[in-house]
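Quick one: the structure is below, and I'll ask about it shortly.
Labels run A, B and C following the written order; every chain starts at residue 1.
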């Protein structure tokens, strides 16, 4: 194993080759059983197929990739050294401020684009649908961000609250005829209730135990949904869930007696796109409300307490803070937001089944929060957009989606353990920044 | 504080027959100690004597095996600290501590650290966050007051210029000061400082002395002080308790403690005298 | 009564397998304090390696069962420990000394990655192999029900017991065991005293993977089918076993495994089979709430 060289200095060509050779060798060993050999079904019995060509190609790719990676890393280090030797690097503070400004500007641009999108793509069903999906994930990400990003409680079963919201709306609407707007707050409250119910007994647990128990909770909810057929429809799920209406106006071709449709009321020709665009704006509004709500909470005592809890729980207790209540509030609010997203999801799909609420979904939402930069609201938008769009752009890569996903989670953690946007903006300043602050200083 | 009160100090905290066992290990053994109001009480003792364990029992982090901790709270009357969970010790009994290995909220700014310390006041003002979410004037005023209070302490500890810096990125000595400032924002009746001078240079130690005296003499905050730096303990303490192997072996004024044969024995051992604490005790005595 | 005895045998078999995997969790947790979330998938990879190896042997017309089993075990242990080593080296070592959440998230990423690699390279379909060991011993023949212990069950129980003995010996008696325990207690001090910490951690991962490989081969022999998703549930149950027994404790992991196995088979036999996973998770929650240090773990005093 001494052949692996992790030199602090730049490597010589021979060292690089040896290093890449070793990595390729490991790749070969790992590749033999999974890539080089595979079993296929031949007439009801398994037979072994060899794919040594593919294995050779993979090993070659690993070799080349490792060479490139080492070379790239060395280059980057040299450039960094050169820059620091040249002197006068911007202070960390200034850089952070610059980054913050860029993020703010990008945020406004993203908002503008989000509002304008259906106007430009008013007849493109695919684009509006995909954008709606992105927004659902953004909203889920913002909800989970409260729990994981701000309060630092690792929740691997977030999808349970999403499911609670979705099933609450589905059951309330199909069984009791509730409308979307009536069911929305009730379902959110139910999800929050589940959050507290789960949270209360387990919040004493240390971080990683908490993670496993929340994962278990998510699975319990799913198993119950699959097996309790009378209640949830079992694996078949619940279908024909009513869609939300626009202040009582349905998005249908024709209205029942005495009612009007959306198209009829506004004197438009009926188009199925109306409903899609309405749903898009609906989730946009829900997401923006979520954002406003969470950003505001962050600057309130409860939000600061969440962050303090993430930083040091024992210090929190020494400051007289009731950490149980603080954790519960984070769990409940995160769960409530997940519940809202679930209601929207059910209303948009018109059909839900336990398939939509697996651990993979929890992992995706968690990845969005972590990749974005824990606690960063804009990071969530960035990560959600990337994670939904990348597989959409390369439809051929659809089956590689989760594979890339897992690899990206590992790589981004190694490259940037703090996430893509890891800058944290203080919730309050004594000396305000920027021109206003400078002017005040000057006036003194 | 008038002179009469100082002469006959009322007892603020009374530790009685405190014992703390971890499995077979007896960390504190039948310890009794009185902490007078509006005074500085030093706790010294060799490493592993049980000083920090005493703090942990006092502030609700450990539940004592037996014994009682009675606090004569100026507003709420007698309180039994051993029955309270840690957050209520700080919130209701107003017994606030710092930590031997500094525990700030590292990614939050210094100002935020101090505002988090006022969580309970602000949380009440925010009325379950509803007043806060709506930005009602009552809450806004409370927040403004919290900021001003924090700013006052920052100014007092000469940390004002660092208010908007992330606390975790600052030098060690400054972090110690921030931790004290943060504890003061909780509005303590009794302030428990766990080795506040550890890692400070002589000038910083001298500043610490001045601060402790100010807090006690001017503001009437009682201070319980664990410290190895004898130049701090001997100079500021009104009263010193010495602990060794979980037992109190001596108690009295700095002068009495310094000359107590038991104390010398605890620090130096029976026979050998190569311990570094030796120099600490004698130099402390010389400067006192 | 006979039925209960049969459940006892089934439960012990299942529990032995959970125990083998739980040891991997417990050792890694003991030494670097993280949940190796990808461990269940390492087990799954080993099951696939076993399927491939058995198929190869069948194609080569090897009929001697002991020969076939030892060949498959060696192959599976070799490749699976390579996977264990690689996972630690790429996904966890760069994050040592980072925040607490970072390695856990990296581990989840690794788990997803391994699952999908296997799905892509080996196919998403369930892989059946022809039975390796058929038949068994009838222990008690009652008119209503015959209690039987199959050869594969016996194999699993005997192998597990042997491995446990060998393993305990290794941890308590050999130099590696001493280094492993020293790293568990204080990594910095161990490094100062000349223990190669990186190597010890790597070896710990490889050992954990090797035990998971044995479990993977056993599962393949016992059930005769594998698919790419078995790692997830089995992994969580084995982790539950490790926690139940007291994480960090080797006998605890084994005891926990046996208990989980027994609970699962009795629950499935007498209560509701479809809710057996709920039972496991419920127990996990209860244990963590009531006795977070597990059955054999030492209680932890909160450091202030």
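Just so it is clear, a residue touches a chain if its C-beta (ideal position, glycine included) is under 8 Å from a C-beta of that chain, and two chains touch if they have at least 3 such contacts.
The structure presented is a predicted model; accordingly, all values stated were derived computationally and were not measured.
Trainee: Of the chains shown, whose Cα mean is nearest the mean of all protein Cα atoms?
Mentor: It is chain A that sits nearest the middle.
Trainee: Which chains touch each other through the most C-beta pairs?
Mentor: Chains joined by the most C-beta contact pairs: A-C.
Trainee: Name the chain whose C-alpha centroid is farthest from the C-alpha centroid of chain A.
Mentor: Centre of mass proxy via C-alpha means gives B as farthest from chain A.
Trainee: Rounded to the nearest whole Å, what is the centre-to-centre distance of chain A and chain C, using the mean of the C-alpha atoms as each centre?
Mentor: So the centre of chain A lies 31 Å away from the centre of chain C.
Trainee: Which whole number of Å gives the spacing of the CA centres of chain A and chain B?
Mentor: Distance between chain centres, rounded to whole Å: 43 Å.
Trainee: On a C-alpha centroid basis, what's the spacing between chain B and chain C, in Å?
Mentor: For chain B versus chain C, the centre distance works out to 49 Å.
Trainee: Hunt down the residues of chain C that sit against at least two other chains at once, touch-wise.
Mentor: Chain C, residues with two or more chain partners: 302, 304.
Trainee: Residues of chain A that contact two or more other chains, please.
Mentor: Those would be 314.
Trainee: When you check chain B against every other chain, which residues touch at least two of them?
Mentor: Correct list: 61, 99.
Trainee: Can you list the residues on chain B that touch chain A in the complex?
Mentor: Per the stated touch rule, the residues are 59-61, 85-92, 96-97, 99, 103-109, 111-112, 115-117, 119-120, 122-123, 126, 129, 132-133, 143, 147, 150-151, 154, 160, 163-166, 182-183, 186.
Trainee: Going by the contact rule set out above, which residues of chain A touch chain C in the complex?
Mentor: Residues of chain A touching chain C: 1, 26, 29-30, 32-35, 37-41, 45-48, 148, 152, 154, 156, 201-202, 204-209, 211-213, 215-217, 219-220, 223-224, 226-227, 314, 359-360, 363, 366-367, 370, 374, 399-400, 402-403, 405-410, 413-414, 417.
Trainee: Once bound in the complex, which stretches of chain C touch chain A?
Mentor: 34-35, 45, 48-49, 51-52, 55-56, 59, 75, 79, 82-83, 86, 90-91, 94-95, 98-106, 108-118, 120-123, 125, 127-130, 199, 232, 236, 239-240, 243, 272, 274-275, 277-278, 280-282, 284-285, 288-289, 292, 302, 304
Trainee: Mind pulling up the chain A residues that touch chain B in the complex?
Mentor: Per the stated touch rule, the residues are 93, 293, 296-297, 300-302, 304-305, 307-308, 311-312, 314-323, 424, 426-431, 433.
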